[in-house]
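Take a look at the structure below.
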Amino acid sequence: MLQVIVLFGQIKMLNKKNFIFILEKLFEQSKVCYDEFNSADGKIGDGDLGITILHGLEEINKNIDSFSEDMGENFKICSKAFVKRSGSSFGTLIAFSLMNIAKNLNNKKECNHEDIIVIFKTALNTIMERGKTNIGDKTIADTLNLFIQKLEENKNYSELFKLASKEALQNFKGKQILVGRARMFNEKTKELDDPGMYALSKLSEIF
Amino acid sequence: MKKIINEPSNFVDESIDGLIKSHPNVYSLAEDNSRVIKRAKKSSNKVGLVTGGGSGHLPVFTGYVGEGLLDTCAIGSVFASPSVDQIASAIRNADNGNGVLCILGNYGGDVMNFEMACEIVKDEGVNTKTIIVADDIASARLEEKEKRRGIAGMIFVFKVAGGFAETGVSLEEVFKLANETNNNIRTLGVALSPCILPEAGKPTFEIGKDEIEIGMGIHGEPGISREKLKSANDLTDDICNRIFDDFKLGDNDEISLMINSLGATPLEELYIVSRRVIENINKNKTKIYKNYVGRYATSMEMAGMSVTVLKLNENIKKNLIAPSNCPFWTN
Amino acid sequence: MKKIINEPSNFVDESIDGLIKSHPNVYSLAEDNSRVIKRAKKSSNKVGLVTGGGSGHLPVFTGYVGEGLLDTCAIGSVFASPSVDQIASAIRNADNGNGVLCILGNYGGDVMNFEMACEIVKDEGVNTKTIIVADDIASARLEEKEKRRGIAGMIFVFKVAGGFAETGVSLEEVFKLANETNNNIRTLGVALSPCILPEAGKPTFEIGKDEIEIGMGIHGEPGISREKLKSANDLTDDICNRIFDDFKLGDNDEISLMINSLGATPLEELYIVSRRVIENINKNKTKIYKNYVGRYATSMEMAGMSVTVLKLNENIKKNLIAPSNCPFWTN
Amino acid sequence: MLQVIVLFGQIKMLNKKNFIFILEKLFEQSKVCYDEFNSADGKIGDGDLGITILHGLEEINKNIDSFSEDMGENFKICSKAFVKRSGSSFGTLIAFSLMNIAKNLNNKKECNHEDIIVIFKTALNTIMERGKTNIGDKTIADTLNLFIQKLEENKNYSELFKLASKEALQNFKGKQILVGRARMFNEKTKELDDPGMYALSKLSEIF
């Protein structure tokens, strides 16, 4: 864990090397949280969120060998890989985001803090557009939205993601989920975390 | 409700396998994807037609692959979207250089996944267009028609587009007719009892012994109103009134009807409904052309039915009855 | 189980009326009898084919009236024989001077009433012959095959005789082929849950939550054995074994299969069964020609299915796929 | 009732006149017993026996005007009439019997005691053949069988039919019904009368 803190506490940028490192950590974490994600999704959905995330990250990690210095290319590889094994909304929304990020980064070898903000803004916009979601619907878009707000104030990545994703969950306690399969459960979704937001929070623990 | 199944997790794969083995002259499995069905004989000189969606609705979606109908279909798990990868494979398998029209129901996951798949194949040089069928008048107001879910009316779009594509017209032309057909369809259904998801083993929704839900979706999505079970005539009149409030028909209009069972509701009852729909229509001068009564779009063993009205024009009519080769469609 | 009906006593008449109104190019009502359905256009130059039986089994019996299939049908109340008078009318309406072949299932009341009707029309100069379909291997031992009930296999006889009659052959010739077809059919079914008779309002039989009955008749007649619900494969293997014990097929035999739902059992499950039947048959060299999977002979919303094997020869095969015009049959 | 007793106690033959009289009486009795017959049949069948008998006799009585002196012709008219309104086994078996009786009687104007025995034998044989029944299966065939036995010993019609049909019911108490729709009820049919036999017994009360 020390290595990550060093990485994100100090380097404040994304390149091939630390991207690979993050992806490896995320894959490990997705194995640890597999059952937890499935059962969170199972309460108000079809219980496949753990599967989606594990398979997506597994496929990405299988393709890490083909990564180049070009971060745009790397995100494109991630997008194609993630979508290959996923049939669920989360997977497609993430894959769409990765693809649009790839387009925005072009041939960049290093993404600085501003680029990282653009990366999350691109993801948020993609999800809102493709998922026909708004801020406040209690989905992963709301977590990303808070990430962006915090990134604009703060550069300490090692704390930021962890705290912001937890705060997002807090903000939506008692509120109803308004999109996706979960919305069909109406009132019941008030007492429960959105499974996607919950997963982002657990995945942020790698930082 | 008892099911004749093996391991619930094999439900979809075994039923696809059975479909292909039972009708090897109609269907075959894509070489590159075990959840993509294509025609037994790929056509070489026409716009490809692709659909996809969750399992549990046979004959929708896979059943309508065949000459004069669709070219390929991407098959999701029960009531779940097919993956982007599966859809991309379905598109590639349907393409023969003349472009591909995707026809799908308006469900969030399906729409997103088709969009993504279309972007992927675009990079490979495959030209696509998409029709999102939105016929269920219970799921959004007329002003937001594009938000409506796609249900039984989808089959009319498959058939009309399928017939037209077979004549060798361009992607643009097939798209135009499919779009026109989609705009000419209204459906409203009623659910009486749920079905059981093989993996979950429990009913998709709960409903009282004497209750029905008008407009409930084919996965149990909430409808317009939950009511006491009433007589077939009263129920049918209610459904007709709601459809014709939404869809004004003139004296010289010509239509086709589809009275569709969600699964358990038997033909006898569908015909009691059909009779009443026709009586209602006969009150004005709208002409009725050809009707379809049966199980066209189901939710496994759910009880309930839907009424679909398709407004015809010469081109829609011609292609509706154009030849086809599919175990679930009689010309 | 909820029903979409009006007055239970109008169930049959309204569903017939709906059938005719929905498909006016296929069916019409006899002028002299409100329980007799004939083709929309009477054929003038062929042997007439007549069937009849109780209601509640659609598409059986009435549904199979149409070009290339039957000429007329006498319709009884739910699960009850048509009357002699109705059957006599059906025969008269089918006759055009070339004689009439009656094809019916082996049920006491139906058989007696057809016999009586045939005697009545004989006095009027109408020449008839009768085929009593007896395909249900659960209902009597092979040595007493003629005592077996008639179930889904009946449809194969309708189709083959229907196709052949259309070619203008004599009554004797149609009878011969129909008889041969009847002898070449074996069916075995399983019931999972009952249906509700509209007038009685209660289930036709009782069966435990985890029980099935192999060989139960389509009206709930006792079967061979009541067992715990088992996997689709085990159940199908059991059914196949029983059929092929009764009906030895050689390496060069060619067959068609019908996997029929009694109503509620969905297509997905039928295909899981069909897949396993085909796997079983593929173990030896019997060839499979064309298969039929769907709801062909039902008991309203009963859950369950049957497997029918038809052994083919050139003439049976040719007429099985001969053209026809019927909403419930795809060529 | 006196008139009938006279008729059958003394005349011991069947002609147009007393045949019409019997048919009228039977029709009246079928109205009286309508519900009773339906409910007897309803316990182990489809509950239509009262309907079958009432409608059949009603239709016969509508055609009485066309009766001639020729008893064969009269039975033929009865057969056609009875079957016209009936869809049930009882109706067809009776109609078949009436038809075969008509054939056997040819142009007879009067049926003597021997002819009357032939009438019942014809009915019994027809029912056994068409109904694929045997003596002992607990059906109307068993009542007819006892009628024939008694007719061979006795010519007092006013007592004979009433007593024999009751005796037949007695003989089959505790036995299972082996044919027709009722056989599906197995054990349950032991405690119950066969509805057809019961109806013959009630109809015999006109004598």
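Here the chain labels run A, B, C and D in written order, and each chain numbers its own residues starting at 1.
Please note the rule applied: a residue touches a chain if its C-beta (ideal position, glycine included) is under 8 Å from a C-beta of that chain, and two chains touch if they have at least 3 such contacts.
Just so you know, these numbers come straight off a predicted model, no measurement behind them.
Counting steps between touching chains, the shortest path from chain A to chain C takes 2. Separating the centre of chain B from that of chain C, both taken as means of CA atoms, is a distance of 29 Å.
Note: centroid distance chain A to chain D, computed from Cα atoms, is 86 Å. Chain C and chain D have Cα centroids lying 34 Å from one another.
Rounded to whole angstrom units, the spacing between the C-alpha centres of chain B and chain D is 58.
Not a single residue position of chain C touches two or more of the other chains. Shared contact sites, meaning residues of chain A that touch two or more other chains, are absent.
Chain contacts here run in a simple line, from one end chain through to the other with no loop closing. Two chains count as a pair here when they touch; such pairs are A-B, B-C, C-D.
Residues 76-77, 79-86, 108-109, 112-113, 115-116, 119-120, 220-222 of chain C touch chain D in their complex.
Residues 1-6, 11-12, 14-19, 21-23, 25, 55-56, 58-59, 63, 190, 192-193, 195, 209-210, 212, 229, 231-233, 235, 257, 259, 263-276, 278-279, 290-295, 298, 300-301, 303, 305, 326-330 of chain B are the ones that touch chain C when the two sit in their complex. Residues 46, 48, 80, 83-89, 91-93, 95-96, 99, 130-132, 179-181, 184 of chain D are the ones that touch chain C when the two sit in their complex.
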